[in-house]
Structures are given as C-alpha cells and as structure tokens.
Amino acid sequence: MDGISAAFGEAARLVAAADPALVAIVALSLKVSVAAVAAAALIGLPLGAIVGITRFPGRHFVVVTLNALMGLPPVVVGLVVYLLLSRAGPLGPLGLLFTPAAMVAAQTVLVTPILAALSRQVLEDAWHEHGEQLRSLGAGTGDSVLTLLWDTRFALVTIVLAGFGRAAAEVGAVMIVGGNIDGVTRVMTTAIALETSKGDLPLALGLGIILVTLVLAINAAAQLIRTAALRRYG
Amino acid sequence: MLPLVLEEVRFVAGGRVIIDSLSMEIDAGPRTVILGPNGAGKSVLMRLCHGLLTPTAGRITWRGTRNGRRPRQQAMVFQRPVMLRRSALANVTYGLELAGVSRRERELRAQDVIEAVGLSHVAGKPARVLSGGEQQKLALARAWALGPEVLFLDEPTANLDPGATRDLETIVGQIHASGTKIVMTTHNLGQARRLGDEILFIDGGRLVERAPVDRFFADPATAEAAAFIRGELPWT
Amino acid sequence: MDLRRRIAAATFALAALALSPYALAQKFITVASTTSTEQSGLFKHLLPVFEKKSGIQVRVVAVGTGQALDLARRGDADVVFVHARSAEEKFLSEGHGVKRLPVMYNDFVLIGPKSDPAKIAGSKDILDALKKIRDRGAPFVSRGDRSGTHIAELDLWKAAGIDIAKDKGPWYRDTGQGMGPALNTASSMGAYLLADRGTWLAFRNRGDLAILVEGDKRLFNQYGVMLVNPEKHASVKRAEGQAFVDWLVSPEGQKTIADYKINGEQLFYPNANQPGA
C-alpha cells in the first residue's frame, strides 16, 4: 500500500481534470475563509490595537483571555454557533444554519481571538516605540490606533494569513454549522472528512494536498510582498 | 503661553524618587540648556514639562494660557528619532494633520521645513531608510512645521556623528531665530556652550544651579556644578 | 495620502469581502438524513432527478440517525429520512413528525477479517455469529453513536441474549464514529463490525475485511421518511417538504431508488407499498 504516492497521483489527477465539483469546493473554501478572515480582521485588529496601546484595569486579564481563546476548539465554536443559529436558538429566524454565511460566522469566531491576540503583541511593541512621539504630537487613542495599525501593516498581513490558515484548515466548526451539504456548504476540509469516511483515502489525501498547496502559495506570496515592502519602507 | 512654572514638583517611579521637590520657571526668550550627570533626571524633567509624564506631586502651570493647562503649541524631539513607515514628507504632514492643519496648508508647510533642513532630495523616500542624521533632521522638521512656541530637545545629537551634530545645531539655531523658545538637555558641554543662553544644572532630581552660560562655566556657584564641569571637560 | 481615507478604504474592502458569501435565495429544503444514505451515494443518484422535476433543491445534512432526529427536533430540518424505527416512532409520539412513511430497505451485513477468528463465515444466523464473537472475545467495533446502525446492533445483541452493556470487555470497541470511520478502524485492527450494505459497497479502504454473515431476515434495515411537523416548527417548508416525501414514495421515486446500483449490485429495495414496513 503506497498510500502517499497514490495520494499525490490523485491530487495531480484532480488538478489536471479541473473537475467542476472540485473547483466549486475549492472556490467555496476560499470564499468562506476569506470572508471570515476579513470579518475577523475588522473586529480583531482594532481590538488588539486598543488592548495593545491602552492601559486600563483588568487589561492583564483581557490579554490572558485573548491568548487562551487562540486555542478555542473548532468543534466547540461550531456547537455554540449552531445553537445560536438553530431554529430553536436566538438567531434562528435568520435562517442561516447550513449556509455559507453560518460557516463564515463560525470561522470568524474562531479567528478573531487569534488576530486580536497576535496584533495586540505587534501593536504593543509599536506603541513602545512610537507612543511618546505620538502623544507629543497630540495624537489621541483613536488616532494612535489607526496610525499604528497602518504603520504595522506588513506585520499584520502575516498575522491575518495565520488566521486564514487556521480558518481554511479547520473542519470541526464548518461541519456542524454548514452540514457538509453537497454543492452548498461542502468545503475542502469537510470533503476530506467525507472521503475519509468513505474509505477513499487517496482521494481524501489528494484533496488535502491541494488544500495545503493553496495555503502555502498564499503565504509564500504574502511573505514575498512583506519582504519587499520591509526593504522599501524599513 | 510661557512662562512655564514648576512648583514643588516631585516624580516617583517604581519607588525611586527621580525628581525631588523641584521648583523653577522657564521664560520666553533665551535658549535653556538642562545639564546634569547621567541619571540626574534631565529626561524625566523634560517629559514632565512637555506633559508626557504627570508629576506625582506638585504643580506644573503654563502661566501664559487662560486656564494654565498644557497648550498644543509645543513640540519635542527625542534622542532617537521615531519615524512612521511612510515617506519623509508624509511624516511631517502627519504631525500637521493631527494639529488640524488643512490639507493644502500641510503640504506647503512640510515642503518648506524639509527644504529648510536640507532634505528636499529625500522628501519622497521612506523615512525609516534614511540615515540616523537625516532622520533626526526630519524629526526637527516635523517639530518645526508645527510652529511651536516651545521646542523641547532631549539629547538630540547623542547618537550622531560630528558632521550631523553640526548640521543639527545650525537648524536648532534657525528654529530659535524664527521665534521658538528652545529647551534642551545635553551632556555635551561644548554643545551647551554653543547653543545655550542659560544653564539649568540638575543633580539627584534637584535644581542645583541656574546661571547664564558664561558665568556657569567660568564661575560655577556650587561645588556639584564645578565637579561636573571638571569631570566632563576632558571628553568634550 | 490621507490615512483616514486609506483605513476607510481598507475597512470597506474587508467588509465587502466579509459579506460576499450571502445565502442564495433559492427554493430549497433541508433534509436530515444518515451517513449511510449519503455515503452509499444514493442521494447523488436520487436528488438530481427530483430537483429537475420539482425545481426544489434538496440540501442533505448527513449525520447519525439520533443526531438527524435531534436536528429536526430543533426545527433545523424540513424532512427526516432515517432508519431506526423505534427512534422514529418516539419522534412521532413527541409530536415532531407528521407521519412516517416506509420508503425502502437495505440490509446490514456482518463484516470481519478474512482470517475469521470466531469462525462465523458463511453463517446465516446473525445471533449465533454474535454469540461466537463474544465467546471468543474477538475484536468488535461498534459505532457507539446512537445512529440507526448502532441501534440495530444493540437490538441484535439483545436478541442474542447478551447484555452488551454488562458483557462488553476490551474486545468490544465503542468508537463513537460514523460508518466510514468505524470501517476504517475495523480495517486497520482486523475487527468485526455491523455495517449497512450500501456504505460497505461504496467503501474503498477494505484492507482484509469481507462480508462474513448476510441474508438473515433480522438484518433487514428499513428506512422511513417524515415531514417535520409544521404545527410545532413554524420554519418548516410544508409544501416543498411534502413534495419530496410524496415523490420518494411515488412510483417514479421508488423506481429511481431501485435503479441505483454499484458494480451492478442493487443497494436499496423500495417498499413504500408494503404495509407496516
């Protein structure tokens, strides 16, 4: 049983065939995870910035909590979001359960603490460097948050990508709130889980190889941009 | 807005007394140089005056303003220039934007000061890739553009080579000539002589001696100041 | 140059990205069904026919029978299509379902390693085979997930006179997994297990496993379909859901089910007309 080489062969075959069903699955994966990471960035980065550059009672507790929430188990997130979105739950009337929107919501919950905790560290360091100068120039907290978010943009890109990797790779949450419905909410990870269940290990691993390659390619591109930008802007 | 009046100002950090019951008045006009050995509290005093630190006890009042509070028309240049990841020009306009200057006005003023400090040829370059000397000039330009009544300078040439130091001193002179009150710390006695009109000598968090620059160096009134001048001179 | 404008643009772009995968407004129903029907490939064969005819998209959430019924109890499905009669009747008696209709059956098979340590290959008596596995202490993988297959397995142990809750030793592996993962587990450890024939036929990672016992009447596996009660769950799409239920038991639906084959082997036997099934 040369399962691994069979898997690479399967991956190559899948890519070469450009099967529309596979393309749809990959596209949905990207769409859902990109949307979730975008939403998480909108919430998490400013949150991380505020915690990073302000001092308030209980701040230490918030920092510890954010760091701990980075390890939220996807299944737990999925379960909580499921209970919220279920028809019997508080957000049931929205009818979002088993839709891509529900998957976006679950991944957003999963990724937001990661972005907040990691950007908190980056912004805290930036504040250490720029804080006095910004205050000297008369910048308020809001000005400082925006200024330093922009100033650390290259470091934040890496953080956002870490969040994207986490979102694209998780299966527990999207399986529960998406339902892995063929053609509607089936993404790469749930497809992999399904093919594993069906005992088609080469196909499952082949899909896995495609997923890893995609995440790798996106990260490599971002890393190149970041290196070039750092060389340019210092 | 001047004079700036400090009354019985105390500053304690981590259980250590850094500024101890210091009272003084800083008036408009002369260039004031704060001198003192390392750890005397010069930088902390500067930050207290500028409003970056709040005194543990005592009062700091801007007598020339209606409510005595910290006015905006002041700026500070630090020992190490801190630049944002954007062009040199944009670093200057950034300060003006915070000061509420209109977009067109900021561009014009920024161009002017950048030219005045001799950085026109790198105005469009990212600020953080400039040399240390260029960055410190840019920091001066950023402060100058704000047209401050008072400019605080904290050891502005400590990390610079002699050439850049000379340029910087010239620029500080120009800023003073344009009507800005200069308050600066240094441990370089030559610079204190070149740039100062009056000396505030600080030691152990206290104001030990205050004198016009010539008299301070020629005939220090206190033993501490005399010892400091003797000890520092060989390295000037 | 203006920072605020840049941040605003970035914010807007992020928001646009975040909102892009909105739910499509198309006519659809959600069917809670079991992993066995999904993984056997039946739905891929069945649903396009119905969707083309009715214009209603059928979204299948495939989980264990127990979980499928729970989904429906919360109002998260319009139709349930499962295979555990006792659980279905309980669901009905609680008022969550409208009416249970028999649709089709397939059968369970007892899978095991070809080495067959309990010596049961070829037997037609499932209860005797189970007893031998227990006596021999041969490894046995149980789904342990309240699925239809799990419930059927428990019923068989009981019928064999074995109180499995009390009798189970280290040989009895309660995996808490779906049919496929349980098959993967059994395949890697050379264990016996009860599987539905459909999933088994579609399963690829067989390793050393083979069907050892089949054909016993007690191994028949009846599937039923129910519309979730709209009186109890207002969100249920009554008309569309009923259309699907009606189609499944219609001659056309029944024929489509009978037509589904893997390697020439029929997987499901329609029996909507068989009273009491």
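Annotations for the structure displayed:
A, B and C label the chains in the order they appear, each numbered from 1.
The working rule: a residue touches a chain if its C-beta (ideal position, glycine included) is under 8 Å from a C-beta of that chain, and two chains touch if they have at least 3 such contacts.
The shown structure was predicted, so the numbers you read here are calculated from the model rather than taken from an experiment.
When each chain is reduced to the average of its Cα atoms, B sits farthest from chain C. Closest chain to the protein centre (all Cα atoms averaged), using per-chain Cα means: A. Mean C-alpha position of chain A lies 46 Å from that of chain B. If you average the Cα atoms of chain B and of chain C, the two centres end up 77 Å apart. In whole angstrom, the spacing between the mean C-alpha positions of chain A and chain C is 32. In chain C, the residues touching two or more other chains are 3. Contact of a single residue of chain A with at least two other chains is seen at positions 147, 150. For chain B, the set of residues touching two or more other chains reads 94. Against chain A, in their complex, chain B makes its touches with residues 47, 50, 52, 72, 75-76, 78, 82, 84-86, 94-95, 98-99, 126-129, 142, 146. Those residues of chain C that touch chain A in the shared complex are 3-4, 6-7, 11, 13-15, 17-23, 28, 30, 35, 38-39, 43-44, 57, 59-62, 74-76, 178-181, 183-184, 187, 199, 202-206, 233, 235. By the touch rule above, chain A contacts chain B in their complex via residues 129-130, 132-133, 135-139, 143, 147, 150-151, 153-154, 232-234. Taken together, the chain A residues at the contact with chain C in this complex read 28, 31-32, 34-36, 38-39, 41-42, 86-89, 92-93, 95-101, 104, 108, 146-147, 149-150, 179-182, 184-185, 194, 196-201.
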